[in-house]
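One structure below.
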């Protein structure tokens, strides 16, 4: 039957390449008229997970950045020029990231870049940032500069100079009072959780605890009771969990169903900070000792403007009935700070010279909505500010209670603590 | 008499507990017109599948043209000279009629290390079937009778010594049946040995020189058409079963 | 030792319950794919659709998810009816034998449903509230040996088993049921019996899709749901149906329980991250030695 | 003109090279790389799925095997891109040969499910293989100034290519053209005709002298190897790779969808399907909200399988 095609073939191949040409040329067409503004805006470019596994966080982060743009433009923009955001959805798929950043730089000609949300979506942008010698802010990206050692990289992750360890450092400080001997470690089979686990294991060893159970679970595990049982069987004093939203939910339920004698449970459970999941789990959360970045506790006011920012976010979400996290504590302040630091640097330097910007960010202690931020040589924070919170006093599945103080009291850091750690079961009915 | 072209020696075939063929022994002479009859489920098709190699018989041997082919794959047996048609036509439906014929011709030719002129040979076969003008039609346009003819034509294109025609006439009109029989006679005149499996008694009796009858996997009768007609077991087998 | 027995017992119990849950997800496919030979790869995503229906009814109106699932079932029956109509007119009508196009068709359907859900509900994980979620019955069997049965899974198991048995009874006892089982093997025979095979297939397919109403409800009871979760289960449900043997409803239930127990045992004793590999390993092994699956009659083929 | 096709291939390759030299806009090469990768995937899938009628559901698995072979090689020996292509192809080819033996017993959907199972098992294994990063994934730093036969390949000033993306794009262009050439050759060869017979009726083919098993093994091996080659540069392209992205279902789906849309009977189909669908996806994900990107795949699939059974090629064919 191949005979039939010889005639048509060339025509087909041709049309195919025409189509390709069209697709490739499309970008240029759309950006052609971009320059024709009175005052040329400063473009900030980034990729963001707006669909796929991390979209829950990504959409939150995007709103945070948009709120920042509003503020900046209200106050006269950067270098007296308005700020324009250029962003594309990476679909939580690293494959899309290199293309997106190259489009941002080559086609959209953005002036500044920041990363998307999450390690495996920030990492693929690194080589391009390096190649173009751009200052690059990473949002909640775990230790991606370890291999590159890029001097213009700055990480927005309050986990200290050694993020993996720093992330769980306060958690291990908090549980000291139980003077534990043994620990079980449960982690998701995914990149961020695995790094948390590495850090936790290191901290546990440093504290001289015996690791009696250490297992990974597959992200699509439907039921976690066997895991909790297996861990319980080893009678650990502590259970450190590094999990993603679906796993966090499953494990919290399994803990409620199977119970545990461990004194402290939690640590690196991603997702328990999300409004929908908190409301869904309700009282099952009581007693969990977990990390957090921002909670509605009075002491958090030392993060100037954070509460107002979140209030604006929540109002915006309500008003426009957006399908994103209703509370926005987890990411909004940090994604805001992420671009805010870059903006402050640009205004201070008075130009878009990337070297100058990077140099300034290195030597400056920034006042931001997430408190004072100072970067170390490797671009990570100089000290960890990952909160340790314990869920308590949750009586029902009502969302509003999580918007008030008291349900997630801060155990550490000491300067903003609002409660004292107690055993897991002490807070269970 | 000459050495048989095909020898079936104590062949048995089981499916789980069910015995489809039970120690069947027979032979087919070169150039012979051989009839294979028996009621539904008597094991005719199983036997053909064992001969053509689609099924592996657990016991017994199949000797073709002096060689034991029991452990050979179907395509090897085809290359050795056994070709078959299928009861329910299985044309290569994405190909034209002639392309259907060129497949066996090309592959068997390659296997035998000869180079056939695939298209010409195919056309020649179609001529004898009176299907030449259909050569470049897609098989999806063919009628029942044409599909049956294609089955035979494709088998012929494999340049066989032995042709197995598996109920090539089921569901055809009387005159169509005669058409097919004539084709089979033509092939036989070219020295091709033919095994005909048929339900249509009239056809088998008219065509075959020698007939065997299977019932429940057993060989119950063997002989000339006349002998078979008179045979009591055969009668019982057919009357005992649902159809005749 | 006691601890070991304790773990083993619980692993088995939870595994069986989990198996029931898997059965609930697979049973619809056992009909559409197993009996009718329609490669409905969109089935898991239709389940997610069911899960979201349960979510909406539960969070907005406060209906129990199971009840919500029952309410949704007739609508899914209609949905399935429409899908098959489109499928039939596009493929089977023209005597289309090539299952590949059907496959692509359902792939497309999968994405369309998934995107619809994303646009409507966003991408956050959703949960339902019900008294039996997060609670469990604790049966003490002796020193250090007690079996905790999560109601969440128990409910799933009970509902799934009832549904399976009901469907099985329907297919074996009623005339129409037998017609459904015949339709795959021999259309001609049906026509002779004076039954319209297309009508039979349409109704059977609709039944298969209808199970997504209740199956989806069970899904969101057992685990949190977001639109793309469906994809993760494509492998599992097909594995279970194939493992059980196409056309065998009870085989599907057994296969589901085998997978459930296997995963639960592996999670308990070898490490949870191996669980998925194990269930698919079992599938490969079974296919290697017995292509027709555990309870299948027809040999492995189209 | 007998060698017209080969000449066109060469011209395209030259064109690709010239493009890397004259076009400054890097974005072109990113999009180009992704689309070319899909051309290879679709073509490879079609050799088995389109010609022989065996649906491979585990395409992502083969691609990932290629990708992780590269990761392992980089970590072990720090080998260059070209070697990565070669070994990625070999390993994935062997895997393909293995799946070929599955066809002994498994047909149709059974085979499809088996390949899917295979991919999932592989993913789990990789997730446990710490040396290549395990579940956490790993960063790959491309060699600073790679040389090939003494020639400095990539360097801002002195290299043949100004940067890595151009090099990757050019290599992928070569692979794509190569695999299309192979597919076309198979299609017109005895092998292709044999595979077609197998697709139509495997028993009949076997009984008409077609050595079905051998042909299927050849097909699965070639198809697998091509997918492996397509995956080999993934690590260097992303510079960060983890199982979730390497075994992404998206690859498996597109590998099926693209030939379906383009047409499965001829080598032209997968190429057109990959260029159109791949291009549409790139375009949509940048210029429309990307939910719609998925939607495009879905709707196109449904529409095409319904109104254009033969894909675009078949549609052209009809409207002669």
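We call the chains A, B, C and D, going by the order they appear; numbering starts again at 1 in every chain.
Just so we're on the same page, a contact is a pair of C-beta atoms (placed from the backbone, for glycine too) under 8 Å apart; a residue touches a chain by one contact, two chains touch by 3 or more.
Because the structure is predicted, anything quoted here is derived from the model rather than measured.
Peer 1: Could you tell me which pair, C-D or A-D, is linked by more C-beta pairs in contact?
Peer 2: A-D
Peer 1: From the C-alpha centres, identify the chain that is farthest from chain D.
Peer 2: B
Peer 1: Any idea how many Å lie between the Cα centroids of chain C and chain D?
Peer 2: 32
Peer 1: Between chain B and chain D, what is the gap in Å from one C-alpha centre to the other?
Peer 2: For chain B versus chain D, the centre distance works out to 44 Å.
Peer 1: Send over the residues of chain C in touch with two or more other chains.
Peer 2: Those would be 118, 273, 276.
Peer 1: If a residue has to touch 2 or more other chains to count, which residues of chain A qualify?
Peer 2: Touching at least two other chains: 1, 51, 53, 189, 216, 218.
Peer 1: Going by the touch rule set out above, which residues of chain B reach two or more other chains?
Peer 2: 94-95, 99
Peer 1: Can you list the residues on chain A that touch chain D in the complex?
Peer 2: 1-2, 4-5, 8-9, 11-13, 15-17, 19-20, 22-24, 26-27, 30, 50-51, 53, 88-89, 91, 93-100, 102-103, 105-107, 120, 123-124, 126-127, 131, 144, 146-148, 188-191, 194-195, 198, 216, 218
Peer 1: Quick one: which bits of chain A touch chain C in the complex? Just the residue numbers, please.
Peer 2: For chain A paired with chain C, touching residues are 51-53, 55-56, 59, 189, 215-227, 229-230, 233, 245-246, 249-250, 253-254, 256-259, 271, 274, 276-277, 280-282, 284, 323-325, 397.
Peer 1: Over in the complex, which chain D residues touch chain C? Could you list them?
Peer 2: For chain D paired with chain C, touching residues are 49, 53, 55, 102, 105-110, 112-114, 116-118, 120-121, 124-125, 127-128, 135, 249, 253, 256-257, 260, 264, 291-292, 294-295, 297-302, 304-306, 309.
Peer 1: Which of the residues in chain D end up touching chain B in this complex?
Peer 2: Listed in rising order, the residues of chain D that touch chain B are 190, 193-194, 196-197, 199-201, 203-213, 265.
Peer 1: Within their complex, state which residues of chain C touch chain A.
Peer 2: 3, 6-7, 10-11, 14-15, 18, 21, 118, 121-129, 133-136, 148, 150, 152-153, 222-224, 226, 228-229, 232-233, 264, 267-269, 271-273, 275-276
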